[in-house]
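Note that chain A is present in both complexes that follow, paired respectively with chain B and with chain C.
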Partner chain A sequence: MSRKLVSSLALLAAGTSATIALGHPAKNAGAISGHVTFTGTPPKMRPIDMAKEPSCAKQHATPIMTESVVAGPDNALANVVVYISAGDKSAGPATEAVRYDQKGCEYVPHVAVLQVGQPLEIYNNDQTSHNIHPLAKVNPEWNKSQPPGAPPIKASYTKPEFIAVKCNVHPWMHGNFAVLTTPHHALTGQDGTFSLDGLPPGKYTVTAWHERFGTQTQDVTVGGAKPATADFVMKATPY
Partner chain B sequence: MSRILLGAWVAGFALLLSGVEVLAAQGQTVTRVGNLTGNAAAGKQDYRRYCVGCHGPAGDGTGENAPWIDPKPRDFTAAVFKCRSTPTGSLPTDDDLYQSVSRGFVTTNMPPWLALTRQTRVDLVAYIKTFSPKWQTERPGTPIAIPAETPATPESILHGRQLFQKMECWKCHGAAGHGDGPSASTLTDSKDNPIRPYNFASGSRFKCGETNQDLYRIFMTGLDGTPMPSFSDQIRPGDAWDLVHFLRTMQPLPTHELAVWNAWLPAHAGQLKPLGPVEGQ
Partner chain C sequence: MGKLFAVIVVVVTVVSSAIFISRIWWLPADVSVLGVGIDRQMAETMISAGVLFVVSQFVLALFVWQYGDKGDGRSIKIFPGGATPMVLGATLLVGAEIVVLSLVGTKVWAGIFLSAPDPKALRIDVQAEQFAFYFRYPGRDGTFGTMHPDLIDDGNNNFFGLDPANDTTARDDIVSASLVLPVNRPILLSLHAKDVGHAFYVPELRLQQDFIPGLVIPLHFTATKVVKKEIVCTQLCGLGHYNMRAYMDVMPEKQFAQWMADQAAQQ
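Showing the complex of A and B:
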């Protein structure tokens, strides 16, 4: 008992001293940060006509746009899942549920990023029925109805996969589930930046995935003199 | 010396265990319907004779006839099936597949194969399960429980009608069940092929059977690979029978439900709210 205590204290001390040793430049030590942009011409996003679903149409003062490519200033690319695809030694899925909302006949967020085995909760905030139809191929493909006011649909996946999600009742609704094995993942926003934190020193492979522009990988070493960075440039195609 | 002997014993025991494991793994893919056991090798011969023209040699639904067929032949490599007694997202039972082969799919190019012996049909089921590795790694789902049918009273039909409205069945199937709801024209299956919702006014059998139990099963388990979702999380078992009873009144068939409804309706038609989109929503 006391030996356990002593060793955990020693570990704690080692951890603290490591943090101190990394010291000054170390705001991003143990992290990989970067920026995702694109070159070329991306497809034009179009306004969505929700006339067939008035309860949703009236929630949007101006029609919302399709979201398969969301670009920010200076060709920054949003909705890119960046994650550690090799070198990650941390084990066990996160236990807190990932929330996925249907609101105004739109999926929020556009991409739900979760780990294998991590619980997923899908909410219907609308005054209309949705059917949630994740088009899984490696994992089971299921399709469930969720009327207004119904409790959240709970799900989880056992294998890593990028799964397109649709609602057949509202054909403009498209989203994604990114099911990963690693807890180290990020989703880029409008500025295209990301940061993967809490990484022990070591060699990693970082993968960036976008639903239209595919995947790219880079090998990155954490723990060198310089903070680890990985910038990705996706090649945009108009179709 | 004795240590070596012990090692040999342990190794032998491990071998025995792994042998048991192999048998168990094979046990998962044994195909059984009633008292018959499927033989995939025999099924392959029959498949090459009867099924390959549409479903293709690789079982992926791209046989030589496939380009001219709508709906498309089933792709067995995906292991996603419409007609199941099991929850959405799970594999069907052997019996589900056997019933599908036997019954065929009305209004499609898949005929009933009742002319084949029962053993041949079970062999075919065993063979089509070799096209996807899912049959090795997953077990079929547990069939949903279906309680005894409740009486088809006017109250039951009326409640079913409310469920039809609340669950928004009309979005695809239309307010009168003609398969012409606001979302009908944009529906696609999971392979992006256009697909039509069932038209109750056609009076045809359902693809997944013709009894009230079949109808119950269809909307509770959903038709995987199509836009038809599962309602088993949303409709309670007793209420599901009410919906069955109402759906029967939409078919131009001499059913008990339609007779009950037609007897009740003339005196009460004024009380009914119209089905379909609600004003102001």
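Showing the complex of A and C:
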């Protein structure tokens, strides 16, 4: 899968998050928007050799790259989960399922963002078996085998947690579940931008999480004279 | 009934021997320096064991045919001294054969597993894990970075637990999912297992060696032909064992140097 397609899917995921956020409208709703970038030298992403799984390798014209750091133009940072970590009074999880695909021996999207209690459906689109293994530490840990053509695996989590996901059959497969309490969340695409919509006026804490560069928080007020913004600058190291 | 059994014994003996003699079921072509000795040893073993097998089966068939109960009231004849001398004789004959084959075969076996590798051999680390093999080359500095099992992070391609932030020798280590080799150059593999027992098996190299967690097991060989062959795990290692494989890609020296340069550029 080309990087362009991956970024498109990431943007699609971000759009999905925004849609979820709009699913909880509020009176006089405002928004927090911003941009996530990095300073420093990020680690080099490396091509993934899928030679042992020809049915997956042939789906990629050129080898896909590892995705722990996906950078865009002007040091924009993709795959950052931005969410309201304090001040959100929205109630109840979204009911629509979040879709997580295994396609070409890759997790799409790289980060699935969902709420506590929100259903998650995991699909195997490949001609090979996968064994999905979310490495939960706060929530119960499980791993399930999923042969080709098997129905989706359905799951949900009861506690907020960032969970690394791996496949027990294909060691290079790596993704994340971001389990949040808030419906107000977004996933940055390759342009690094995000928008948290549908927020009533008030004070909020906005958190940005990246699997490699950690978390940052900012206090933001919605409803003032200026549009609320929050830009994050993550510190990158090459190793 | 006895005669039918004798015929079946002869047919089974002839058919099974013919399969081996015509090499319908045989090893794939050898591509290694050590394979010549192994193939010779294998042939000698098959011939000596095969001759004994054929002779013993024909004798069995002959006796069943000739001396089976024909329902004519003859008394059962017994060898002088009973069965004991026969059993002892057969045991000694087969035992002697096994001892001789073992002694002769030890030379070939020791040549692989007990001999010292070529000091100029290309050193490659192998990490076996559920359910893949990874191969590490020392990079431009010729030195492997230290392995830290607690730093192993498959999702970030850190299959060997390297610490490039603090260990400068680890920064240029080349890690590949295929075993890429120069032809006719001695190779020394160091086998590591991350989790459970695995095995390295390449029939064309005539090599099969287990991985044991906690042990670093050396294995040396020289590939003599430009080929691409499968490396498979032959120790049942879990759910995805059937899918644990990699490829050994043997290429001319010049092409190998280019591959190394390409890999180094990606580090």
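Quick note on the criterion: the second predicted complex is superposed on the first by the 210 of 239 C-alpha atoms of A that agree within 3 Å, B and C clash if a C-alpha of one lies under 4 Å from a C-alpha of the other, contacts with A are read in each partner's own complex, and residues count from 1 in each chain.
We take it that a contact is a pair of C-beta atoms (placed from the backbone, for glycine too) under 8 Å apart; a residue touches a chain by one contact, two chains touch by 3 or more.
Values in this document were obtained by computation on a predicted structure and should not be read as measured data.
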Please determine, from the superposition on chain A, whether chain B and chain C clash or fit. clash
Kindly classify A:169 by the partners it touches after superposition: chain B alone (first), chain C alone (second), both, or neither? both
Touching A:48 in the superposition: chain B (first), chain C (second), both, neither? second
Which of the two partners, first being chain B and second being chain C, lies in contact with A:133: first, second, both, or neither? first
With the two complexes superposed on chain A, say which partner A:237 touches: chain B (first), chain C (second), both, or neither. second
A:66 in the overlay: touching chain B, chain C, both, or neither? Say first, second, both or neither. second
On the A-aligned overlay, A:202 touches which partner chain: chain B = first, chain C = second, or both, or neither? neither
Now for A:40: first (chain B), second (chain C), both, or neither, which partner does it touch? neither
Scan A:223 for contacts with chain B and chain C and give back first, second, both or neither. neither
Clash with chain C, by chain B stretch, listed 5-13, 131-139, 149-157 or 185-193: 185-193
Where on chain A do the contacts with chain B and the contacts with chain C coincide? 52, 128-129, 131, 145, 168-171
In the complex, chain C residues that touch chain A: 129-134, 154-157, 159, 163-165, 171, 176-178, 238-240, 243-247, 266-267
Complex contact set, residues of chain A against chain B: 52, 54-55, 127-129, 131-133, 135, 137, 140-147, 150, 153, 168-171
Spell out the part of chain B that touches chain A in their complex, as residue ranges. 78, 80, 87-90, 138, 166-168, 171-172, 182-183, 186-188, 190, 222, 224-231, 233-234, 277, 281
Chain C contact footprint on chain A (complex, rising order): 43-44, 46-53, 66, 68, 128-129, 131, 145, 164, 166, 168-175, 237, 239
